[in-house]
Amino acid sequence: MNTREMRDAIEELQYAYVHCIDDDRLEEWPEFFLERCLYKVMPRENADQHLPIALMYCDSRGMLQDRVVAHRAANLYAPHYYRHLLSAIHILGCERDEVAVQTNYAVFRTMAEPIHYGETEVYSVGKYLDKIVFGDGQARFSEKVVIVDTCRIQSLLVTPL
Amino acid sequence: MNTREMRDAIEELQYAYVHCIDDDRLEEWPEFFLERCLYKVMPRENADQHLPIALMYCDSRGMLQDRVVAHRAANLYAPHYYRHLLSAIHILGCERDEVAVQTNYAVFRTMAEPIHYGETEVYSVGKYLDKIVFGDGQARFSEKVVIVDTCRIQSLLVTPL
Amino acid sequence: MNTREMRDAIEELQYAYVHCIDDDRLEEWPEFFLERCLYKVMPRENADQHLPIALMYCDSRGMLQDRVVAHRAANLYAPHYYRHLLSAIHILGCERDEVAVQTNYAVFRTMAEPIHYGETEVYSVGKYLDKIVFGDGQARFSEKVVIVDTCRIQSLLVTPL
């Protein structure tokens, strides 16, 4: 696989990932990760100072599946839609079979409950720091660290970013 | 044309399309479509439930031209600027000479009237579901379905998305 | 260098540029420009009417460095983070060794001071009109004209766009 094909495969992965969330097909979301993986949502201030506390922390695909079950069965929240925009990927480096990539994102949230029906707001902006592994003809995340600029969120952080 | 060249041609088409709207060269807008085409703006809720009602519906290039004439001659609205951001295209499939593509978008609107002069807001987010045909060395839309998340719009939907 | 490689090199440049600003590594910012260059921030209304007044105007790398020194040493402003999203680049043409490129952008600002801590807003949208030169295995801006739609900015324009 040359650099161009790798870029295309990574872009495909990023877009399949965000469309999965935007379309609310969350049951498929853990499949984008390796069995042993790291998914972490970090406030930018903590990341900048190398402080360890994360808003969300999962270190296996099972924990990700658990998140989805909790989301479907236990969490309470106003119905809403998500829509992600990503900037072009920026390859930071390759180590053995792992590619490190940085991508800026913005998520817009549109409310679907009666009072604010159809209103859109900037929900979260930040960047993805990803590590991606190619195996079995499939690209997957071994690591996805979401650095969030936005820390004032008008509701629980319920859906993955 | 290989996949890479097709991706590039589709990206070029998408950007020529949005710059045409952002630059207010609407008279050129129908030229991005085939003579027989479909242009539809649908609320996401209707699209999800396969309900047919659209906010805007045109099924020929003539109807698109009619829109532009109405926009220039009849509609009343506060002066404003548009600015589109698109995510990378996501190819859904090819059937005969038609390529189906999905692209997330965000449109920002900046007011140009005195009271709110220069203020920017998120105007509409959603996705384009496009069918694109290559012919005569030119890519054109045979279909553009705009699925809008944002349904609360502070004025008439006057300019195409 | 073929068209594909040129596109990739330009995208790399654009992303290195915005990550430099987003990461607040402003001391590196003048390095993206040639020694003799033009950096200009223009309101869209002036640009459309070919009026010359700019919000920011620098015509050498030294002036850009001066900006950064002023920013670090003299300007007063509430602490904040920036996050850029760019659309795909749109190549407008090539003349001798210079490539002209247009790119839509949106900058989101998140406040880092106590009262509005973590709140994100659309800070500026518009487009980059760039001229890029390839030399010494390095792409650099000979010209970057930022056309801003957003003219109502809640504070000084302190950080480059």
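For reference, chains read A, B and C in written order, and residue numbers begin at 1 within each chain.
Here is the rule we go by: a residue touches a chain if its C-beta (ideal position, glycine included) is under 8 Å from a C-beta of that chain, and two chains touch if they have at least 3 such contacts.
Keep in mind the model is a prediction, meaning the values are calculated, not measured.
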Please state, in steps, how far chain C lies from chain A along the shortest route of touching chains. 1
Note to self: chain A rotates onto chain B (CA fit) by an angle, in degrees and to the nearest 5, of 120
Length of the line joining the C-alpha centres of chain B and chain C, rounded to whole Å: 27
Name the residues of chain A that each touch 2 or more other chains. 4, 85-86, 88, 106, 122
Touching chain B in the complex, chain C uses residues 4, 7, 43-45, 85-88, 90, 102, 104-106, 122, 124-127, 149-152
In the complex formed with chain A, which residues of chain C make contact? 4, 8, 11-12, 14-16, 18-19, 22, 81, 83-86, 88, 106, 108, 110, 112, 116-122
